[in-house]
Amino acid sequence: MSVLEGKELRIVGFLCNWCSYGGADTAGVGRFTQPTDLRIVRVPCSGRINPLFVMKALIGGADGVLVSGCHPRDCHYAEGNYYARRRLEVLKGLLPVLGIDPRRFEYTWVSASEGQRWQHVVSSFTAQIHALGPAARFTEAPEPARLGA
Amino acid sequence: MSIQDELKSAITAALPDVSCVVGWGAGPEPLRAAPLFIRGEADLEGFSAGFLSVNNPALYLPSLKGSKVGVVVKGCDARSVGQLAAETLIKREEVHVIGYPCRGVIDVDKVAAKLAGACETGEVAALREDGDDVLLNTPKGEVRLAKKDITADKCGRCAFPNAGNADVFVGERCAPVVTEDGYADIADFEARGLDELKAFWEQEMSRCIRCYACRNACPLCVCRDQCVAMSREPHWLSQGDGVRDKLFFQIIHAVHLSGRCTGCGECERACPLGIPVLKLKRALSRRVEKLFGYKAGGGDTPPLLTFLVEEPTIKERDWK
Amino acid sequence: MSSINVGYFPGCSGLGTSMEYERSTRAVCRELGIGLREIPDWNCCGSTPAHSTDSALSAALASRVFAQGENAGIGDVITPCPSCLKNLRVALEHMEDPLFSARVEALTERPLKMQHSIRSVLQVMVEDVGTERIRGRVRRSLKGLKVVPYYGCLMTRPEKVMRFDDPENPVALDRLLEALGAEVLPFPLKTDCCGGSFSIPSRKVTPRLAGRILDMAGEVGADLVVVACPLCQMNLDLRQGQIRAGGIDRVLPVPYFTQLMARAFALPEADAAFNKLVEDIEPAFACMQRRAADIEAEERKAAAAEAEKARLAAERAAKAAEKAKDAGPDGAGAKSAGAKKTKGKADAGGGDV
Amino acid sequence: MKIGVFICHCGSNIAGTVDCAAVAERASTYPDVVYATDIMYACAEPGQDAIIAAIKKHGLTGVVVASCTPRMHEPTFRKAVERAGVNRYMFEMANIREHVSWIGKDIEANTNKAAELVRMAAAKLRLDRELKPKSFPVTKRLLVIGGGVAGIQAALDAADAGLEVVMVEKQPTIGGKMAKLDKTFPTVDCSSCILGPRMVDVAQHPNITLYAYAELEEVSGYVGNFDVKIRKKATYVDWDKCTGCGLCTEKCPSKKSYDRFNEGVGPTTAIIIPFPQAIPKKASIEREYCRQFNKGKCGVCAKVCPTGAVNYEMQDETVEVKVGGIVAATGYDLVDWKVYSEYGGGRYPDVVTSLQYERMLSASGPTGGHVKRPSDGTEPVNVVFVQCVGSRDPSIGRPYCSGFCCMYTAKQAILTKDHIPGSQSYVFYMDIRSPGKGYDEFTRRVQEEYGARYVRGRVSMIYPKGGKLMVRGADTLMGTQVEVEADLVVLAVGAEASANSSALAEKLRISYDGYGFFMEGHPKLKPVETNTAGVFLAGSCQGLKDIPSSVAQGSAAAAKALGLLSRDMLDSDPQIASVSVNRCVGCRKCIEVCPFKAIQEVDMRGQPKAEVIETVCQGCGLCNATCPQGAIQLSHFTDNQILAEVEALCRF
Amino acid sequence: MSAENVKKFISFDALPGFLARAAEKNAVYVPRREGNAVVYRSFKAGDEAELGVRPTESCKHVVFPRGEELFSFAREADKEEPGKRRLVLTEASEPGAAVVFGALSCDARGFLAFDPVYNGSGTGGTAKDSYYLRRRNRTLIVVKACKNALNTCFCNWVGGGPASPQGADVLAVEAEQGLVLDILSGEGTAFTESLPAASEAQLAAAAAAVKAAEDSLPKAADVSAAPASLAALFSSAEFWNKESAHCLYCGACTYLCPTCYCFNITDESDGLTGVRLRSWDNCMSPLFTLEASGHNPRPNKADRLKNRVGHKFSYYPSLHSGRFSCCGCGRCIKSCPSSVDIRKIVLDAVKEAANV
């Protein structure tokens, strides 16, 4: 699907149901204005997020991916975010070597009560992605355009 | 006794207790050995270990689970054994590990580069080792090459030349080439810049024929017949020939190996099209090592299967 | 232990009001094998009055000090003065902010690398040299001297800047003075303000605050107040006339800890420089010697009693052994008899409680 | 599949900034969507009826509602589609209110975003499968951890309602902190007079089994069927034989033991009965002070015990119990105030804690209710109370208000005047926090009737001078510094989560906050539930509170537990993981990471395979993200479903 | 055409220009060096064809793409009845003509194993694969004869040779700083029309080169007994377990093979739109025979390797007049990560069957 040309970039969010999705709700209830680029995929827990979902989005054409879960110690499932933290932190090491700007992916923790923090996270991440501009798409063709002249 | 002979006696000694011993024997051409399954003393004749012992015999261990087997290993192969055991993919007590000091193995592609213009590696009629050199019989006459110029890249950064976890170790332990893998190759590679790297992978992956030799040569690919590369449930990849899907498989492989890859390099060596797929895994290994001080193969729990409540090395963005 | 080599920043007071601190510090460092390399052509650290009017100017002064050190190849620096230390530390901290450092660099007109560590002389004494090594150097113990340590406001505070000892109840100087042989009395006001900052704006405040400290020191029975800060020393020593005029009748010498170290190490009198103090310290030392003699006499008596006790015990043991031998050739019987005897004694002891 | 899409206007809440009709029109082009419309209020009765009618008319097999957050009305709509004969899990929501219309005013962007969110929901719905909950039986027994006033209340309420209750208490007696108090505010009635009978009730209640001096060792299982291991610590006294006569405590020669119950105000013996009203009133030996254990000989208590109850060989013992629900009521501990060097850090004997002061005030305490200076035993005249010691202090990591200190300090000031009529109390405070029935009046009384002098400001320093303590602080109302000469200083030490609360939380698999207080299910609507089904909270373990609040929460937790355990069968949430046995290679990675031990290895024709214990699985999906071949999938959030959502967005 | 047997010549200097002109009209595929591999790439002006080192892969994908879109589909809303969906199918566009320049002789011969499967001759003309045939018929193959044999070469075992003309439109032999071109088809004639005839010296040099290349091959083993031997060993688990022990059952051998022609069909869709895709499949993969029930008739790599070897040397010849489905290029041996050698397996089988 196309983004709003010239207005929006494609930003995908993976949010845990209990904390961050609730935080985004709280931000909405508080009418905290946010950029419109982000599309949220709701998952039960940040531990459910396979780092490959992030990669699928980035390789598939997302300009930015944001993951947000419960703060450490606050996981609804006790431990999911601890695993997520390690996996996502490790994943950051893969992006530059693939030629993807590592700033296109961030993860953070937002609780259900932190509407303002959510607004801040979304706004600053969206600004960050706009500053980077649209991501170069990986070609889907079998043979890429030849390097050089 | 030569190391060769010592290894043979170690294998002979082990044979009564194991269903087979995996080592190396003669291959289809002079530059290449083949994995050898020694089931009786008669099979020992073709056995040799040394400069051509490229294949990682640990690859075969999970499929041999359930009976006691022996395996002759280089230092790097032993790391694979260690990691398999740490993940309970093999039972360590079911494996009789015979180690020997490894001083590096051949990289046939490097020989090809040395012979470029003269002949192809497939035209080499014989190989003879002569101290630090090898002598090759080619249609253009005998060619002398220094081993160090045709040794695999991984051997140049080898910190574990002696199988640390061997049940039997043969020969004098040799000094590691380096004490720490500095991952300088990855740093240099990254320094090329994002645009160039993206184009690099598009170009390289366009050669990929989706044969999955990289995966099947990987001793730590646990999924075996159930790999998500071809499954529809879950359906991660299309079966098309597009660069994006082919690259994505390499990402899957690398992510699945993060915190597990011992850097044996078999994926990259196995690739018939010479795509440098190890780079992705090494980029993740570097990060895992930096974050968790973890070197796969040492026998500890893989870092992504555990956690600390306070992660002293993870500096999270504070969004201030 | 290998010798320590560090850069040295004397601070302005060292050239004037705290010459005795400066002199004794250098002497004690020499004695302990601490090589001091004075920062060439150093300048004011930027403490009073600069830091209260313009933090960038203050940091620029501090930065120049570091730059001078850097040019001379000096990395780690020590200073005797806690006020200088605080200002140099704060400058280092502020300079991590690129906006701030840009302002400072505009003043210094050159780029600055701020990769220094700076600590106090006291900190180096307790952390690097250590009290054990200091104890080992003592040739004239301060046994019999009753002292209170006075740290002042700045030695341990602000906590985040100074990162030294307990901010409210420091003990580093206590331990050091104990190592010299002195008796360190509990002193509740060891981090109270001496009124130094008010010495110019308000003549009333300083004697009151300094007086309170001296009064408490006298009350707990101290012969003298030991300090580590030039400004504190000046307030406590120089103003005793004013304080007495205010009704607090105390006469207490106020030496620097380095002066006491110099004396304990038996360094030349000129290095201890007690003659620079306003309140005479000699009566305190005289008192110390009298007390030391009394203590030693007590100790001798106690030692003799202990020896006598040991002799008697040995005698008893010998007799018991003799008796056991007599009991018969059966070794086992002898042993059990001995065991029984001990047990009976223990029981008796238990009954006393 | 036939999907119906309903775009809710929510009055003008959504329609104000989203073109709902346009969203519906775009939705009609999405895969498998056969019906799409916009609707005024989807959640209202006419809205639900319209959805049901559309399901029937168009033969819909799945429904997408784009409206508010699913955290609000997902259950509502699930019930609605179920009424129309569609499985409740064949339903998805797109959140176009909180995540779209309320956070921006750009109608074009909002409409586009709403349409995309609907696309994602529809893409996910296409892969939804019908799910059905499973029923399982319930063990009708409740475990209460902690025998303080909150735990006692919960246990008695549950037991009175006919439930079997097992109570575990760490100390040799129940009663908790309240048992240590002399009086309670604001009524100044005797603490032990009101608590004592409740403690006796616990001991005598036929439905309550009490394990005192015991700790929770392990919890496994799941709501309705927890398996609990309780470790009974060795008391070295056979409680079946002990009559609580107290002869042993009189004769014990080790008389310098630390008196835990009395907060160390006086020494006690090595064999103790904590206090006269202790429940159970049984003796126990504190090993670290006992001569028999330390010196290998003594045996006095064994000799004097008329029933021969003393047994030095006693070992810890483990009891296993099955329970259906758990109430955690583990209370709080005092902050280690000795970090405050400026208050002496424990060097001055006449600086005591408020809880020590309670014991001094108590007639059954070690001083017999006489307030004396610990240093010289004299009666103090000037008593200074310092508030917020370890509360509201970010510098020691305790930025929160402990809640009850203002009130007990006022009470203690009143009691001081009662005990020593000639005394003068001073109270240094930051703010007076007295929001309770009769509380503020109480703090006025202590000042107006009892003449306590309240000084608004923090104490910067306490130091000894001439046998007295000088308390120096700021008077922020006067704008000056004050120094008070005190005979006794009482520190209103703040409270913190009880020691090891985090370890207990991990055993119970409940969350805890940064200070170790247990997290309630929802701060407003689920104050005594946790996010782990079947585990409830009561009292200060959830957050500091005074006695009436703790008691109320105890009753609330009991009510919640009773509600749960009144049912014979429970339904398990079918949104759990399941294993495709053909694809599982038995690598055990899922077993390793599962926080709930909900996956076990089973043997299938010689091959190891993972198997999900359906009633234990909580549906977090960590296993799913861990399994490299994706053989274990979380129902309703499968890889393919999430990939479908991603691909609905990222497929250029 | 008048000069039926006239051979042409093109110098290496003139070759780039010639290819560039050809590439203006058709897609021209040439071997190109990329990294450590040599792969067929479409030629663009300025490219350098690698005619020395033998290509790592075969050129079969020019005719039989790795992933070929057969058609695309979309579900469109019916304007009249919004509740209804119309399925719209769009055929993949017709491929253009192509030239492979510099194929190995083995690669050209590989297509001869494909043809009977796809042109219907194997089934009496009933099942013709139009997708295959339309590319096959529009592809011209210029073989560049090998100058000498590699260790892994065994084309002479299976009826080929370094300069075999079978399957080629043009056969090029290196001689005198250029290529002597033997024209073997009408399309070949048209393709080489602009080129001059070869001189006597050039022809003589070419003949000598062919002779030298043929001489460089070791004597061919006799594999005529292979079909029967392999059939005899069909049930010998022990034999196949042993032969397959070190095989990693990846698809390198089949995907590099000029004669392996198996494919898979999948629909790749995002719900609204999608494509039906034909992609290469390989019999070494466990999924090749996995049945929907979960049962797999070839569960082990031994079963699968048996199928691969058996197919090439026994089942295929029995269906297609004795022709082996192997052209002896040796790529499966050369590129096998675990050094599996199909020659050894076939010879072992012949020996083993003789012993049984």
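A, B, C, D and E are the chain letters, set down in written order, and residue numbers restart from 1 in every chain.
As a working rule, a contact is a pair of C-beta atoms (placed from the backbone, for glycine too) under 8 Å apart; a residue touches a chain by one contact, two chains touch by 3 or more.
Everything numeric here is computed off the predicted structure, so don't read it as measured data.
**Student:** So which chains are sitting against chain C and chain E at once?
**Tutor:** Touching chain C and chain E alike, sorted by label: D.
**Student:** What's the farthest chain from chain D if centres are computed as the mean of the Cα atoms?
**Tutor:** Centre of mass proxy via C-alpha means gives E as farthest from chain D.
**Student:** Between D-E and A-E, flag the pair that has more C-beta pairs in contact.
**Tutor:** When the contacts at D-E and A-E are counted, D-E has more.
**Student:** Among all chains, which one's averaged Cα position is nearest the averaged Cα position of every protein chain shown?
**Tutor:** Of the chains present, the most centrally placed is A.
**Student:** Could you state the distance in Å from the CA-based centre of chain A to that of chain C?
**Tutor:** Measuring from centre to centre gives 56 Å for this pair.
**Student:** State, to the nearest whole Å, the distance from the C-alpha centre of chain B to the C-alpha centre of chain C.
**Tutor:** Chain B and chain C have C-alpha centres separated by 62 Å.
**Student:** Distance-wise, how many Å sit between the C-alpha centres of chain B and chain E, to the nearest whole number?
**Tutor:** 30
**Student:** I need the residues of chain C touching at least two other chains; which ones are they?
**Tutor:** none
**Student:** Identify all positions of chain A at which a residue touches two or more other chains, and write them in rising order.
**Tutor:** Chain A, residues with two or more chain partners: 56, 60, 73, 79, 83, 87, 142-143.
**Student:** Quick check: what residues of chain B touch more than one other chain, meaning two or more?
**Tutor:** In chain B, residues 203, 236, 240-242 touch at least two other chains, as defined above.
**Student:** Sort out which chains touch which and give me every pair.
**Tutor:** All chain pairs meeting the touch criterion are A-B, A-D, A-E, B-D, B-E, C-D, D-E.
**Student:** Going by the contact rule at the top, pick out the chain B residues touching chain D in the complex.
**Tutor:** Against chain D, chain B makes touches at 87-89, 222-224, 226-228, 231, 233-236, 256, 301, 305-306.
**Student:** So in the complex, the part of chain B that touches chain A is made up of which residues?
**Tutor:** The touching residues are 186, 189-190, 194-203, 206, 236, 240-245, 247-248, 251-252, 254-255, 258-259, 279-280, 283-284, 286-288, 291-292, 303-304, 307-311, 314, 316-317, 319.
**Student:** Of all residues in chain C, which touch chain D in the complex?
**Tutor:** 166-169, 186, 188-189, 192, 216, 219, 350, 353
**Student:** Under the stated contact criterion, what part of chain A meets chain D in this complex?
**Tutor:** Touching chain D from chain A are residues 1-2, 4, 7-8, 10, 12, 17-18, 21-22, 24-25, 27-29, 31-36, 39-45, 47-50, 53, 56-57, 60-62, 70, 73-80, 83, 87, 113, 119, 137.
**Student:** Spell out the part of chain E that touches chain B in their complex, as residue ranges.
**Tutor:** Contacts found on chain E: 34-37, 39, 53-54, 56-57, 65-67, 148, 150-153, 242, 245-246, 248-252, 254-256, 264, 266, 268, 275, 277, 279-280, 282, 285-287, 330, 333-341, 343-344.
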